[in-house]
Every structure is written in C-alpha cells, then in structure tokens.
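The same subunit A turns up in both complexes below, where it pairs with subunit B and then with subunit C.
What follows is the complex of A and B.
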C-alpha cells in the first residue's frame, strides 16, 4: 500500500475545485437551513438551473458565456421565487416537500427527449466554457507543493472557486452579524414572534431563499465550467444530501461550517476510496470480500456510518455550539 | 415595586357607585381600538362574534371569560394572526381588517402571546434589539455596510439597556433567552414589545404560569405603563388581578361580548355570573331573561 498516493489523492480532492464548488452550494444551504431555518431539500435544483442556464445560452443559442452567467443567475432567482411564493407562507415542511419534488422534476424535465433540442437530453451539453479558460492567467505547466499538484487549467478553476468562497464568506459574515441577520436568525427560532414585532417575515424568508439559491446556481455554473459539460443525471437528489452531510459535519449556522465541512467531506471520501483501492490491489483486503467495482458503494456506507457517529456524539458539528443547539427546541 | 391588586387604579375618573352597568358595546370617549361585527368561525363553530367593542385610549382593559369564550381568537384576529370571516376594526382611525400582522404591529398595536415567544438562541439584549422598528440595518444592502447602521444600533442598545434595567433583567443581558425562567421570559417579552414604541399593548394572559411575587411586579409595570400614556388590553383569568388593575372589564362568553363595565360592576352582573357558573333554570329571573 502506498500511503503517499492515498494522502495525495485525498488532499487533491479536499482542496480541489469540487470541494470549493460544494462549499459554495452548501453556504447557500447554510443561509437557508442554518440561519433562516428553511428546509430546502432541492439545492441541487438551483445548481442544475445555474449550470444549464450557462450551457444552453452558449451551446444552444450561441451567445457569449458572460450572458450565460447572467442567464444562470436569473434562472436561480426565478426558481427561488417560484418555490417560495406558494410555500413560504405555509409551515416549514411544505417547502421541504416542494423543493425535493422540484429538484427531481427539473432533472427529469431537462433530460427528457422533448427538451433535447435545447438541453441535449440525456447527452447533456459540452464545451461551452472556452471564454472562461481563455482568460486563464496561469502559465502552462503544473503547480503544487508537497504531495498536491494541479494543472494550470485546474489552478484557474481553483483560484476562481476558492476566491468566490472567500468573497461569499465575507459577505455572509457581514449579513448574518447585521440587524438583517438578527431578523433571519429570529425567524429560525420563532417566526410568529418576529411578525408580532412588525417585521415582514415572509419577505425576509424570500430574500434568504433567493440569496442561497443564487449561491447554488453559482456552484452549478462552476461545476459545469470545471468539467466543460452538463448532464442532468449528475444533478441527482444525492447531491443535496451530500451538501446537508457536509453542512452538518462542519456545523450549520456557522460561516466556516460548510467550508470546513466540504474540505473534510471530500478528503475523507477520497481517502476511503483510494485506501480501499490500494488495499484490494495489494491484497490487504481480499478481493473476494470487496471487489474494485464495489468501492464506490462501500465508501458511502462508511461515510454514512461516520455521519451516524457524528450525529450521536457531536450533533452540532465541528464548529457548532452545543449549548445553542440544545436551546433550539425551547 | 409591588402594587396592591385591591387598590383602585387611577387612570379613569372613578365611576359613581350605584350607576347601573353599561350595555355591552357601549361607546366611550376617545376610543383607540374600535371593533364592529367581528366574526370568526371554525366550520360550524362560531368562535367570535363581537357586534361592537371600543377600547378607550390610556386605559387598562381586561378581557375575561370562561375557557373557550373566544378571547384569544379575538386577540389573534384583531392583531392579524388569524383571519376574520367578517367585520371591520380600526386602530386610531386606521382600518385593520385584512392587514398582515407585521403591518398592524407597525401601526403601534403590538401583542404578546399566552405561550411566551422569546427567541431562544438570541441573547436577552439581541431579543430587545430585534424589537426596535425602522432599523436601517434590517434592509439587505445597508446591512452589508455597518457604518450605515452602527450609530442607530448604539441608540437602540441604549434604549434596550434602559428597559432591561427597568425590568430588572440587566444581569441576564448577555445570556441566551432560552436559558431564562418562564417568568423572566414574560418580562423579556413585555420589555421587547416596548422596544417597538407601541401605542397599545395586547397581552394574552401575561400572568399565566408566573409566581405571585412576579405577578405583583408585572402588575406594577403594567399600571406604570398606563400612567405613561400607553393603552393596555389583556386577557386574564385571575379575578383578583382583574379587579385590582383594570379600569374597564369586558366579558366574553360563547364568542360574544356579554357584559362590560368598570370592575366593581362586573362581579354583580347577571350575565357574567351566568357565563361563569351556568344559568339556574329553576330561577324565574333567569327564565325571564332568556325569553
């Protein structure tokens, strides 16, 4: 077993573009769930409309990528409004039901043969991010320290994605520590009290839903750019639950919770994957017990186990405050 | 500062003993809140059907009645937390029917709840700051620029500290509200409502589940607020409290307003006794009233 390879794979994954993209989407979810108490189970739907908004504008309509970015953002806003208008006046669980359904409906709609002329159907769309990579200031070559190395292309995505995480983190920190943040944190605990004090709780919830949804849309666009392709089936409901997993892991209701959570989630996931692969290859684990093709399933089972242990022993996550969490039901 | 609940309150001129109790729905000088034909039904059940009720400015009005009389439902309808099936009501001349709860609160008609609603994960001070209205920092874009709201935040923090001092909550200022006792939360909810600078407070059972010492203190606060010009309307079950503190008592039974008047007339009122204890059908007087 080559531990350097395992560690290198895990670090690359934990620091790479995907971790940053998931951190961004989870920061949006953190605004919904961690700060406003909105149960959004369809964050992947925002990623989907963001990614496809960009891809369709460029690949299908032949317009510029920057217009595509605007279309992606606008799609996320429209989706948030469509989901929020009928459900935010109702009890919290209705938003959960609606968002999980909307996420699946969108995936099936975008992959349908009816939508194929626009969305590419099951084949998706490719090669729409040339404008982005043309701007790459990083000279050709590969860059890295110690065990971690990225190509110039990955470096560019990585810089933009982690740069966005930092900017969004600062903006969110300013927001949640302002009087505006005080209102949404109060809505999380008791919306009725907030209304009785003259605040339009519905408008605050809608604003939160739109902002967090836009972050999901941005994450979806970055994901599409990173692989130069969108396909509907990569936006399955499991993505939302990975986002919840890493949010709970890092600590919901903490600005850095989703960031730490995402890095750790991808580190552990890839570590398990790589370690199992190495163990099977070198015969430490018999291939009769786990075959190479089963590694994907086994690592998720182990992540599930880790999540159960986390919820049992540290339910507030890594950064959360246990004291605050215990107060939430009172 | 404890107040003797038996002490007659001094807000309105003492009514002349011997004057008969006024009819339910009687007009009053300078009414602040006026209700007309307010109804709320749940399926076939008429929960509230108030033909006319006026609440006089600057007084403490108690709303009493047996369980299920519709007091809390009336509170919910008037404050916009429940929708009425019909009727009009106005606050300081401003029609309120169909207005959302937050709009009604902004007009200065602010309520508290039977089950106290403090924000558990906010500190006591943050709960108070939440109460302040027209905060620049509560709008999305200014929120991102602290210099735009810092001065106002300091201002409302000073006001919050004054109120916390008044309600003897200063030492709990930085504790999470979820760690407070039930009585302390009642005080905090009242203090927080005052942060909105209300014109009228509607308190839903402010003394429920509060120990006798704290009840005295709450009563003291409420009379002091009335003396400062605030109008107060509250739902209460404890008759000693009602008699001691209120300037006017309105009695509901079966969703209707059955009697109103100064506190000393209420205990003798036939309709009130019937509402609380049930009618005696062998009594000729009761039969006559029913006909």
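What follows is the complex of A and C.
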C-alpha cells in the first residue's frame, strides 16, 4: 500500500480537467434543478450533442474547430427547445422521464450503424482538436507542486476549463441575483404563486433549460477536446447520476455547490478506486472477494449508495440551506 | 369522451397494421422470392405483440406505484434485472443449484415480490415518515438504480446468458410467419397474467382499495383504507411482476446485467403513452410500444428499434400528453 500514490492520484483527479468538466455540467444542472426546480435527468444528452457537434464539424465536414464550437452550442440550444416545448407545460415528472429517455435515445442514434458515416458509430470520432492545442501558450515540460504534476498539454486544458468555471460562476451569480433569478427561484418554490403574479413561468423555465443545457454542451465539448475523441458510450446515463450526486454533495442552489462538489467527488472517488486497487494488488483484500476488473462496478454502486444517503440525510449538501431544499421538495 | 378513448388506440393500431400491408400489396408481385413484405410485416407484428406484452407486465407495476404514491420508480428496471438474473442463478449458473426453469422462475418472482416489499419497508416508508419531498425521492430512486444495477454487475458479470431449458426450438409454421412454442407460451402466459392483474384490480377488495388510493389518496384514507398497507401490496405486486417480466424477457431474448435499464425506458414510453398512473393504459401503451419497436425494423436498422419507441413517447407528449387512456385533466 503506497499512500503517496493514492493521494497523488486522488489530488490529480480532484484538481484535474475531468473535475472542471463535471463542475461545468453540474453548474448547468444546478441552474435547472437547484434554482428552477426542473428535474433534468438527461444532462448527459446536452454534453453528447455539444461534444459531437464539435467533433462532427471538424472530423466529418472538415470545417474549423471554432465553427464546431458554434455548432455544439447551437445543438445544445435546439435540444433544450425540443425537450422543453412538450414537457415544460406539464408536471415535473414528465420532464424527468422525457429527458432521461432523450439522453438514451440520442446515445442510441449516435452509435447506430445508420449514423456511422457521420458520427463514426460505435468507434466514435478522434483527433479533431488540433486548433485548440495549437493555441497552447504553456511551454513544454511538466508542472506541479508536491504530489501533483500535469503535462503542458493538461495544463492548457486545465487553465481553460477552470477559467471557464470561474467565468461561468461569476455570470451565474449575477444572473441568479438579478430579477430573472428571483423569478426562477420562486418558480422552484411555488409555481402557482408566480403564475398568479402574471409571470410567464413557461418562458422562464424554458430560458433556464436552454442556459443550463448550453453549459452542459460546453462541458461536453471540453470533454471531447480533453481526450481528443468522442464515443457515444462515454455519454452513459450514469454521467447524469454522477452529476446529481456531486451537485447534492456540494449543495444544490448554491453557486459554489457544484464546484466544491465536483472537486470533492472526484477526489473521494479516485481515492477509493486507487486504494482498492492497491489493496487488492498487495493482497490486503483477497482478489476472490473483489477482482480488479470489478472495481469500476463497485465504485458505481458506492456512488449510488452515497446519493441515497445524501438525499435522505443531508439533502442540502455541504453548502446549501435545508429549508430551501425541503421547499423545493413540494 | 368514451368514443374518443377507444378511437385513438384503434387509429394507432390501424396505422401500424395497414401501412406496411398497403405497401406490401404494391411490392408483393414484384418480389416473388424470399419472405414477402407482408410476411415480414406479419412476423414483426407477432414479435411486437410478444415484446409488448412483456413490457406491459413490467410496466403495470411501475404504473401502479406511480398511481398510489406518485413516485416514478427509476429503479424499476433493476427489479426486472434482478428477477431474471436470480432465475438464471437458480437455473443455469455453475454456482447455483441447477433447478428446472419453472420452479426457478416461481422462486425468482417470489424473490422479486419480497424485494419490492423490502424496498418499501426499508427505504420508502422511513423516507415518507421523515417528510422527504417527492422530487428528492426521484433522486433517491436513481441512486437506488445505480446501486442495484452495479451490485448485479459484480455478482452476475457482463457475460450475457440464456436459461438451460427452452433455449433453441423450431418455429411453428403459421403460413407466412412463424412462432416458437416457447414464445407462444410466453405471450399467452403474459396475457393471462395481465388479465389476472385486471381481475385483481376490478374484483377483489385489495384491488378496489388500490384503485381508491390511486383516485384520491386523502379520501381513501378518510374512508378507513389503510394506505400504508395498500402501498406495500402495490410494491409486492410491482416487484413480483417486474421479476416475472425479467424472466420472460430473458427467456425470449437474453439475460444481461443492464437489460432492466434498457427496458425501463420502454416501460416509461408505454406508461406515458397509455396515460401516467392508469394501469390499463400502461398495458395498452406498452403493447403499442412493443409493436412500434419491432415494426420499425421493417424500414430502419435493428439497432435503432428502441430509439423509435422513445421518439414515439416524445410525440405523444406533444400531441396528447394525458396519453391514450389518461384522464383529461390539467397536468401542468
């Protein structure tokens, strides 16, 4: 058991690009769920159309990456409108079912043999983010303090991703404290009251769905850029469930909730993962009990358990206010 | 009102049956060899009905649970998987006792029913007592789904499996189409189970109580119905039916660790198509979804067949959000 390796793995993951990407996607989800009370179980669908919008524009159509970014954003907006139009006038449960179904439908469409000429089918698309890495101002070499070290390439993704998290965080803070933000929070707390004051709740919910969806799309694009590949199966419905777990962990309805949640979530998850791996390799846990290939499944199961316990015992997470979260329970 | 309720499903079915037949009569003469389009359409229809009734068995429980406690159970698919994999363990697993499929299926259904009861008593009843909000309960169900699915993954593994008995059979020849005795039995049994559920809801005291709680919980409670007990019974029925559906699906298709999650989305489509909270709607809706999924393979690649069923869900929400048999009420 090498604790330095475990700690280093965990820190790298908690501070690394993946945590920033999940933080961004969860900020969109926070706007939906934490502020507006919309139950979006298909945030991964927005990530998928964002990532694929970028990849298809570059790889399949041979256009520039910046056009791809626009296509990714536009796809996220279109998806939000498509989902919102039929469901936002209905009860909250209809949105939940439709979004989870839409996310999975999109995954099936993008990985099907029918769409293969455009999306690459089950193989996905690779190497489309050259433009992004050409802009890398960080000199070659590796950077790090103490146990954490990142390559110049990772540093560049990190700077952009965490930079976006900061900018989006500031914008969201301004937005939710604006008159618009007050209306969406009141929709969460009592939609009927908002309607009786003459506000068009439908339009407000739609705006919130579009904005949060765009954030999901941006996160999907960053994920595609970071690994230089998109494949439909990496946009599994479980991603949305991860986002909910880290959002509830950090505190829904708080600007910093998803950020702290994401860092902590990836730190703990990787810590467990790495520790389990080491324990099995060094024979502390017998490999008859859990084999190395089952660690992935074990960690998914633990996330599920954590989500149940969090919502049951501490629905407000680390930062949130219990009163607010109980109100949103309706 | 009454007229319209029958009219809409009839129209949907008519479209599904007539469109391929109409195209087939034009194509039939041109292609004399191989199965004609009409034969393929008939085969797809038979497969669709068989698929639809299996979805219906699992979806009825989902719908009853929604009707009584307004909870959308995102973990319902896992009850299906657990039923199928438990039967697989008893029947075909090297570590299991190697029973014949019929006793294995019966025990698996009983296990599913017990699991349903355990989930209600161990999870939902305490949460309801704590006053956890409905929206938070939805999130608990996705956590539960993630937990159960991956426990199954650890115990069962990723390898798809089949039951020992009734695995490979010759199809009975029905003129242009065929069906294996196994599939025919599963279809007929499923229909019988659905009729049994309908009889339970209509004729027995507990069925009346379930319908009363669905219609108006407060009124039911005020007239002396023990709502907690009704909810427990609904979970037992739902868990048992889900396990049975899982065994049937594993029998006609294959047992995998994520079969339930895939079926879940089709169950949702069926439940919404039929009308959220209506048990009979869930049956009709699931049947339509099963037929849509199988019929789509006539024109589109087979790996998209689930996707069409889910698209049907979104179209229904646009056109008739209360579903085929749902009450026309304000749901916004």
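Please note the rule applied: the second predicted complex is superposed on the first by the 315 of 330 C-alpha atoms of A that agree within 3 Å, B and C clash if a C-alpha of one lies under 4 Å from a C-alpha of the other, contacts with A are read in each partner's own complex, and residues count from 1 in each chain.
Convention: a contact is a pair of C-beta atoms (placed from the backbone, for glycine too) under 8 Å apart; a residue touches a chain by one contact, two chains touch by 3 or more.
Keep in mind that what you see is a predicted model, and the values were worked out from it rather than measured.
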**OP:** Report the partner of subunit A that touches more of its residues: subunit B or subunit C.
**Re:** C
**OP:** Classify the contacts of A:307 with the two partner chains as first (subunit B alone), second (subunit C alone), both, or neither.
**Re:** second
**OP:** Would you sort A:104 into first (subunit B), second (subunit C), both or neither based on which partner it touches?
**Re:** second
Original post:
Which partner does A:85 reach: the first (subunit B), the second (subunit C), both, or neither?
Top reply: second
**OP:** Return first, second, both or neither, reflecting whether A:198 touches subunit B, subunit C, both chains, or no partner chain.
**Re:** first
Subject >> Touched partner set for A:63, first subunit B, second subunit C, both or neither >> reply: neither
Original post:
Of the partners subunit B and subunit C, which touch A:174 in the superposed model: first, second, both, neither?
Top reply: first
**OP:** Could you tell me if A:138 is touching subunit B, subunit C, both of them or neither one (first, second, both, neither)?
**Re:** neither
Subject >> Shared subunit A contacts, counted only where both subunit B and subunit C touch the same residue >> reply: 328-330
Subject >> subunit C residues touching subunit A - in the complex, by the definition given at the top >> reply: 70, 72, 74, 123, 126-127, 130-136, 138-140, 142-151, 153-154, 261, 265, 268-269, 272, 276, 300-301, 303-304, 306-307, 310-311, 313-314, 317-318, 321, 331-332
Original post:
Taking the complex as given, what residues does subunit A use to touch subunit B?
Top reply: 171, 174-175, 178-183, 185-186, 188-190, 192-201, 207, 323-324, 327-330
**OP:** Spell out the part of subunit B that touches subunit A in their complex, as residue ranges.
**Re:** 79, 81, 100-103, 105-106, 110-113, 117-122, 126, 129-131, 133, 135-140, 143-144, 146, 149, 153, 176, 178-179, 192-193, 195-196
Original post:
Residues of subunit A touching subunit C in their complex?
Top reply: 37, 39, 41, 82, 85-87, 89-94, 96-98, 100-102, 104-105, 108-109, 111-114, 237-238, 241, 244-245, 248, 290, 294, 297-298, 300-301, 303-308, 311-312, 315, 325-326, 328-330
